[in-house]
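Presented sequentially are two complexes of chain A, the first with chain B as partner and the second with chain C.
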Partner chain A sequence: MNPALLSLLTPLATAILMLLCRSRAAVWTIAASLLSLVAAIAALYQVTTDGSQLIHLGGWESPLAIRFRVTALSALLLAFTALIHLLVGLYAARSRHSQTRNTDYWPLSCFLHASLASLWLSTDLFNWYVILELLGLTAVALVSLAGTKAHRAAFNYLLLSLAASLCYLLGVALLYGRYGVLDSLLLADMLEADHTTRTALLVITLGLMLKAALWPLHLWLPPAHAGAPTAVSALLSALVVKGPLFVLWMLWSQVAPVELGRQAGPAMAAAGVAALVSAGWSACRTPHIKTLVAYSTVAQLGYALLALGMLLRWGVRELHVALWLFVFAHGLAKASMFLAAGEMQSTLGSKKVSALRGATQTVPVAMFAFAVAGGSLIGLPPSGGFLAKWVLLQPLLLEPSHWPWALGVLLGTLASAAYVFRVIALSFDRAPPPRPDYNPDPVAQWLTLLPALLVWGMALGGETLILWMSGVAY
Partner chain B sequence: MVSWTWLLPLAIILSSLIPGLLIFSLKERQEKLRTFLNLTGALVKMALVGVMLYGVSNGVEFRFSLPFLPGGGLLLKGDALSLQFVSLSSVLWLATTVYAIGYLEDSPLRSRFFGYFSLCVSATVGLALAGNLVTFLLFYELLTLATFPLVVHRGTKAALRAGRVYLVYTLAGGAVLLMGVVLLHTEAGTPDFVPGGYLSGMDSEGNFSSTVISGLAGERDFTLTVAFVLLVAGLGVKAALIPLHGWLPQAMVAPAPVSALLHAVAVVKAGVFGLVRVVYDVYGIESVRELHLNQPLLWLAAATIIYGSVRALEQRELKKRLAYSTVSQVSYIALGVALAGPLAATGALAHLVHQGLMKVTLFYCAGNFAETLGVHRIEGMNGIGRRMPLTMAAFTLGALGMIGVPPLAGFISKWYLGLGALEVGQDWVLLILVASALLNAAYFLPLIYRGWFAAPPDEWPEDKRWPALHPLLGETHWMLLLPALFTAVLSLLAGLLAGLDISPLAWGQLIVEREFAP
Partner chain C sequence: MPDAEWLFDGTLGILLLVLAGAALHARSLYAAVVMFIALGLMLALTWARLGAPDLALAEAAIGAGVTGALLFSTLYKAGMDRHKRATPNRIALLLPGLAFLLLLTAAWPLPEMHSPLPDQVMAHLKDSGVSHPVTAVLLNFRAWDTLLEVSVVLIALLGVRQLYPSHGEVPTPWPLMLAWGRLLAPLTVIVGGYLLWRGTDAPGGAFQAGTVLAAGGVALRLIGVLPPLGWHQWPVRLLVLAGVLVFVAVAALTAWLGQGWLHYPTGSSKVLILLIELMATASIATTLTLLVVGEKRELRP
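Showing the complex of A and B:
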C-alpha cells in the first residue's frame, strides 16, 4: 500500500475500532500515531526520490475520480500531523490534568488526525468541503469534552463553522457552475479573472478565513481554544486551524489567476500585520492564561497570512518556504505552550495569569517549556520560529519599496515578545506559599517540554530544511 | 594540520554551559557541589583560553562551524579580537564567581542564580568567539535571556520593574539588530568576519573586486547605510549609547556581582564589542569612511561621554553614580572605534579590558560597603577608609584609573585615544577627553576624599552577616575582599606594565596591526 494512504488509514481504522472497543484507548492511539508518523516519513522519502504522485481512489479516471496527490509538502504535513498527535497523546495519556482520561478524546483525536491527513492529500474542492465539515464537527465535539462550561464556546464554534462551510460551499458551487470541474489541478488551467470567479474566490476566502480564525474573523477562537481541555487546545491550535489555511494557500497560489492574486495579496498581508498587532495586544491584556495562548495563535497566523499575501503579490518562491516553516514552527511551539499553560493552570489551581507569580519555583519545568516555546514564537535564534522569520524577512528587505512590510514583522516580533515576557517576568517573582492541594507532576511537565525542544531542534537542521523546502515543487 | 583546534572554541563555551546546566538541577542545599562546579568551570575556561591565546599569538586558526542557515552557518572562531574579550570575561568570571559565592551566602534561590550566571558567561564568550553576524546575533539574544533572571533575582518590586525595562530595551534592540543582519545578508550574504571588513572589498554585485559599477552604487550605499544604522541602534542599546541607555541605571538594583558582570564583562561590553566587529570586520574602516558614517557615530559617542559624566555627578547613590559612569566610560570605546585611526583603535581595544577591570573593582567595593556596613549612599562613605582600608584602597585605585591618573590603566587608554584623535585630525575630541576627565575627577575625588579624610560616624553598625572574621583581613568576608583586591591590582598592572607583550595594550596593538594591514 502507498505509505501516504497508510498514514491516513491508520488513525481512521483505529478510531473506528475504538468505537467498538474502549479498553487501552490511549495505548492504541499512541501506537497508531506512531505508525502513521513512520508511514508519513516513508511517504516523504518516496516523494523525494520519485517526485509527486497521484493516487486514484477506486480506479476511476479524472474528472470523475477522487484523486489524492502526494507532494513533498503534503507528505511533510502528514508527518507533522502525526508527530503533533503523538506528542499531545503522550501528554494526554500521562497527565492528571488533561481532562482526557477514559473519555471520547481518543477516538475523536484519531478522527481529527485522519481528516487532516485526507485534507493534505486531497485536490478536489468538494472533497475539501466534506473534510472541513468533518474537521469542524470533530473539533466541536472535542471542545465540548471540557464539560458544561465549555458548551457555549463549543456551540458558537459550531455555528460559525457551519456558516463558514456554507460560504465555502457557495463559492464552490459558483465555480462548478462556471467551469464544470471541481478538481483544483484541472481548475488551475481554466480559471479566468471574470466576475463570477472573483465572487466565488471572495466567498470561499471569507469562509476559509473564518474557519482558520484569520484576522478579522477570529473572535470565535479564543473562547473555544481556551475553554477546551488542555490536550484538545493544543491539537486545535497546532493543527486544526492549519487545515483551512492549507486550502486557502492551494486555492490562491495554485488555482487562482495570477493577476487576482496580485490584487488580493496586499490586503491579505495587511490583515496579517493587523492580526500580529491587534491579537498581540489582546494577549497582553487578557487576564486568563489559556486565552493569552489562544490570542497568540491568532497573532501567529498573521505571519502566515503576511507570507501568503506577499507570495501572491510578488510570486517569490522563498515565501512558500517561509509560510510552511511558520506553520511547522508554530504548531510545535503552540502545542508545547498550550500543554504547559494547561498543566500550570491545573497544578496552581487558577486560570488567571496572575496565578503564575513565581511559577519558576512552583512549576519550573512547565514554565521552562512555556518560555522555550515562547522564544520560538518571538523568533529568537536558534529556533524554528527564527528560521521562518529569517526566510520571510529576506524578500521583504530585498527592495527598499518592500521595507514597510518588514516593519510589520518587527511590530509582530515586539508584540509577541510583550505577551510572552508578560508571563515570564511574572514567573520570576517570588512564589506565594503553595496551596494545600499543590501536587506537581514532573513527568507531565517534561512531556509539555518535548515539542518545544523539537522546535528549537529544527534549527540544527535549519540549512538542510530551508534548502530542501526551497527545492521541492509546490 | 592540527586536528583538535576546531574543538577549542566549543570547549570554551561548554566549560561554563555544562556546569550551568548541572547547577540548575541541584538542590538548594548542595552548596559544596555547586561551588565545586562553578570554580571548576571557571578554572577550566581560564586554562582553555590560555591555550588559545598561545595558539593565536603563534598564528594557529581555531574554527568550529555547524550548518545553520543557508549562507550563514554557526561559526565560532578564535581570532585576536575575540580573545581580547574572551580573556577579559574568563578572568573576571572567576573573580566574580568567588565574589558571588560570598555575597549570596545563605540567600534563597542560589541554584537558579548560579545557573543563569554560568549561562550568561557562556553567551558572552560565544558572542566573543562568533565568527559571523548570524552567530553573533544568536549569542546576543541568548545573552539577553540569560541576564534577565539575574537582574530580577532579588524579586523586589524595584528589581522586577528594572527587569521589565531591561527587557523592553534589549528585546527591541535585538529585533532591530536582526533587521540589520538580514538586510546586510540580502545585500552581501553573511561571510566570516574579515580584518579590514568584508564589505570594503566587495562591489555592488557582491563580488570581491575593485571595479565598482557606479549606476548601482547609489542604491547599494543607501542600503548599506540603513543597515549600519539598524546595526548600531541594535547594538547601541546594550552599549548604552544615548538615547538608548535608559535601562542601565535602573538595572543597578540587581545584586552587586550581577552589576559587576553587566557593567564590566557581559552586557554593556557585548554591545560595544559588536560595534567594534561591525565597524572593523564587517564594513571596514574604508567603507565606513566612504559612507560618511564614522562622523555621526563619533558625535554620538562624544555626547554620551559628556552626558553620562554629567548625570553621574548628580547621583547621590553610589551604585547609580557608578552606573552613569559606565554609560560614559564605555563610550570611550565607541569613540575610539569611530575615530577610525590605528592609534585610537589601539586605545579603544585596550580600554575594552581596562574599563572592565576598573569598573568591576568599583562594583565589588560598592557591594562590600553595602553588605558589610549597609552603606548605599555617598554620604555614608565618610571615613569608611578607617573601617575598611583594603576595600577603600581598591576603590581608590579603580576611581583614579577611571579619572585617568598615570600610571593606571585608564591613563593608557586615554593617552592613545588622544593621540589617535590628533592622528586623524579630529582635534576637538581632545577637549571632550579633557572635559570628561575633569568631570570624572569631580564625581570620583569627593568619594576618595570622604573615604579617607572625612570624619567617620561615632560608631559603625554591627556587622551582622559575618560577626567573627579574620583579624587581619577582617574588614569583610574574604570572598568579597579578595576579588576586589585582585582586580584592583590587575588594573594597576595593566597600566604599569603596558609595555609588555602580554598587556591588554600590546594585544590591542596586535589586533590593530591585523585590522589596518593593507
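Showing the complex of A and C:
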C-alpha cells in the first residue's frame, strides 16, 4: 500500500476499533501515531526520490473523481501531524493534569489525526469541505471534554465553525457553477478574474479565515483553546488551525488567477501585521496563562498570513518556504508551550499568570520548556522560529520599498518578546511557599519540553532544510 | 400549462420566505420549531420542483424530520419558555442585504455555464455497478466523500456524548400513541427498505432510508417496545460503527490487495455498494435513534 495512504489509514482504523472495543487506552493511540509517523517518513522518502505522485481514488479519472496528491510538502505535513500527535499523546498518557484519563480523548484525537492527514492529501474543493466539517466537529467534541465550563466556548466554536463551513461551501458552489469542476489542480488552469470568481474567492477566504482564526475573525479562538483540556489545546493550536490555512494557501497560491492574488495580497499582509500587534497586545494584558498562549497563537498566525500576502503580491518563491517553516516551528513550539502552561497551572493550582511567580523554583522543567518554546516564538537564534523569520525577512530587506513590512515583523517580534518575557520575568521572582497539595511530576514536565527541544533542533539542520524546501515543487 | 406552474412555483417561493421569516421571528420557540419543520417540507417540495428528487427526499427526511425531532427533544429538555427576542437593528439588516446583492450578481451568469461532469457520469455509469447517477457519484465516483460524511454523523454522536445529555424518563405513552406506534414501526421498515433497495436505480439511498428507520426506532422506544438503548451495549456500538467500519475495510482492502483506494474490483461493484449502503443505513438509523432517545448511563461510571 502507498505509505501516504497507510499514514492516513492507521489513525482512522485505530479510532474505529477503539470505539468498537470501548477502549480508552492511550497505548493504541500512541502506537497508531508512531506507525503513521513511520509511514509518513517512508512517503517523504518516496516523494524525494521519485517526485510527487497523484493517486486517483476509485481508479476514476479526474474531474469525475477525487484525487490525492502526495508532494514533498504534504508528506512533510503528514509526518509533522503524526509527530505532534505522538508527542502530545505521550504527555497526555503520562500527566495527571492532561484531563484526558478515561475519556474519549483517545479515539477522538485519532479521528483528528485522520482528518488532518486527508486534508493534506486531498486536492478537491468539495472533499475539503467535508474534511473541514469533520475537523471542526472533532475539535469541538475535544474542547467539550473539559466539562461544563468549556461548553459555552465549545458551542461558540461550533456555531462559528458551521457558519464558516457554509461560507466556504457557498464559494465552492459558485466556482462549481462557473467552471463545472471541483478538482483544484484542474481549476488552476481555468480560473478567470471575473465577478463570479472574485465573489467565490471572497466568501471562501472569509470562511477559511474564520476557521483558521486569522485576524480579524479570531475572537472565538482564545476561549476555545484556553478552555480545552491541556493536551487538546496543544493539538488545536499546533495543528487544527493550520488545516484551513493549508486550503487557503493552496487556493490563493496555486488556483487563483495571479492578478487577483496581487490585489488581495497587501490586504492579507496588513491583516497579518494587525494580528501580530493586536493579539500580541492582548496576550500582554490577559490575566490567564492559557489565554495568553492562545492569543499568542492568533499573533503567530499573523506571520503566516503576512508571508502568504507578500507571496501573492510579489510571487517570491522563498515565501512559500517561510510560510511553511513558520507553520512547523509554531506547531512544535506551541505544543510545548501549551503543555507547559497547562502542567504549570495544574501543579500550582491557579489559572492566573500571577501564580507563576517563582515558577523557576517550583516547576523548573516546565518553566524551562515554556521559555525555550517562547524563544522560538520570538525568533531567537538558533531555533525554528528564527529560521522562518530569517527566510521571511530576506526578500523584505532586499527592496527599500518593502521596508514598511519589515517594520511590521519587527513590531510583531517586540510584541511576542513582551508577552514571553512577561511570564519569564515573573518566574524568576522569589516563590511563595507552596500550597499543601503541591506535588510536581518531573516526568510530565520533561515531556512538555520534548517539542521545544525539537524546534531548537530544527536550527541544527537549518541550511539543509531551507535549501531542500526551496528546491521542492509547490 | 405554464401559467399554473408559474403560479405554483411563485406561491412556493413566497411561502418559503414567509416560513423562514416566521421561524426566525416566532413569538415562542415552540412555534419557531413548528415553522422550521414546515419550512423543511416546503423546501423538500422545492427540490422536487427543481428536478432533484434525491435532495427532496433527503430534505424531507433529515431537514424536516430528524432535525424537527431533535429540536423538539431539545426544547423538552431545555424548557419551553426561556427565550429572549433580539430586536433587529438596521445595520444587521443592511449587511445581509448587501451580501445578497453580491451573491445574486455573482450567481446571475451561472445558468449559461455547462459542466462536463454530468456527461462523464452518464458515460461511466454502466461501469459503476449501479444505474442511478446520484448513487454512482455518492458510492463509487466520490465514495471517499461519503465515507467521510458517514464519519461526520458518527463524530456528531460522539460529540453529543461528551455533553452528558440527560434524556430523562421516557414519558408514559398515551393509548393513541401506543396503537399508532405499533402501526408506524413496520411501515418505516418497509419504506426504509424500499428506499434503500431502490437507491441503486432510482432516487433513494442510505441517508434517507436510515432516517426513516430511525423514525421507527424512536417511535418504538417512546412507546416502550424497545429497551433503553445506550453506547454501553455492544450491539448498539456495532450498529453505529458498522457503516464506517465496512467502508474503511473496503478502502483498506482495495488499497492493499486490489488496484487502489476504493477501486472496486470489476464485477463486484454492485455487491460492495449494496453492502456499504446496507451497513451505512443501519449506522445512520441507530445513530439518529441514539441522538433522540439514547441513554447516557455508562458515561460516568
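Criterion: the second predicted complex is superposed on the first by the 471 of 474 C-alpha atoms of A that agree within 3 Å, B and C clash if a C-alpha of one lies under 4 Å from a C-alpha of the other, contacts with A are read in each partner's own complex, and residues count from 1 in each chain.
One rule holds in what follows: contacts are C-beta pairs under 8 Å (C-beta built on N, C-alpha and C of every residue); 3 or more make two chains touch, one makes a residue touch a chain.
All of these numbers come straight from a predicted model, not from anything done at the bench.
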Check: chain A superposed: clash or fit between chain B and chain C?
Finding: fit
Next item on the list: On the superposed three-chain arrangement, identify whether chain B or chain C touches more chain A residues.
Entry: C
Check: Given the touch rule stated above, what does A:Val181 touch, chain B (first), chain C (second), both, or neither?
Finding: second
Note to self: Is A:Asn2 touching anything from chain B or chain C once the two structures are fitted on A? First, second, both or neither.
What the structure shows: second
Margin query: For A:Phe421 in the superposed arrangement: first (chain B), second (chain C), both or neither?
Written below: first
Next item on the list: Considering only the touch criterion stated at the top, classify A:Leu453 as touching first (chain B), second (chain C), both, or neither.
Entry: neither
Margin query: Is A:Leu137 touching anything from chain B or chain C once the two structures are fitted on A? First, second, both or neither.
Written below: second
Next item on the list: May I ask you to decide whether A:Phe126 touches chain B, chain C, both, or neither, giving the answer as first, second, both or neither?
Entry: second
Note to self: Using C-alpha centres only, what angle sits at chain A with arms pointing to chain B and chain C? Round to the nearest 10 degrees.
What the structure shows: 170
Note to self: Looking at A:Thr360, would you say it contacts chain B, chain C, both, or neither? Reply first, second, both or neither.
What the structure shows: first
Check: So after superposition, what is the minimum Cα distance from chain B to chain C, given in Å?
Finding: 40
Margin query: If we count contacts the way the header does, which residues on chain A are in touch with chain B in the complex?
Written below: 360-361, 375, 378-382, 387, 389-390, 393-394, 397-398, 400, 406, 410, 413-414, 417, 421, 424-425, 428-430, 459-464, 466-467, 470
Notebook entry, point to check: What residues of chain A sit close enough to touch chain C in their complex?
Noted result: 1-2, 5, 9, 12-13, 16, 19-20, 22, 55-60, 63-66, 68, 103-104, 107-108, 111, 115, 118, 126-127, 130-131, 133-134, 137-138, 140-141, 144-145, 151, 170, 174, 176-181, 195-196, 198-200, 203
Item checked: chain A contact footprint on chain C (complex, rising order) -> 102-103, 105-107, 109-110, 113-117, 120-121, 124, 140-145, 148-149, 151-152, 155-156, 158-159, 161-163, 231-232, 234, 237-238, 241, 244-245, 248, 251-252, 255-256, 259-264
Check: Mind pulling up the chain B residues that touch chain A in the complex?
Finding: 66-70, 73-74, 109, 112, 134, 137-138, 141-142, 145, 148-149, 152, 155, 160, 163-164, 167, 171-172, 174-176, 178-179, 182-183, 185-186, 219, 222-223
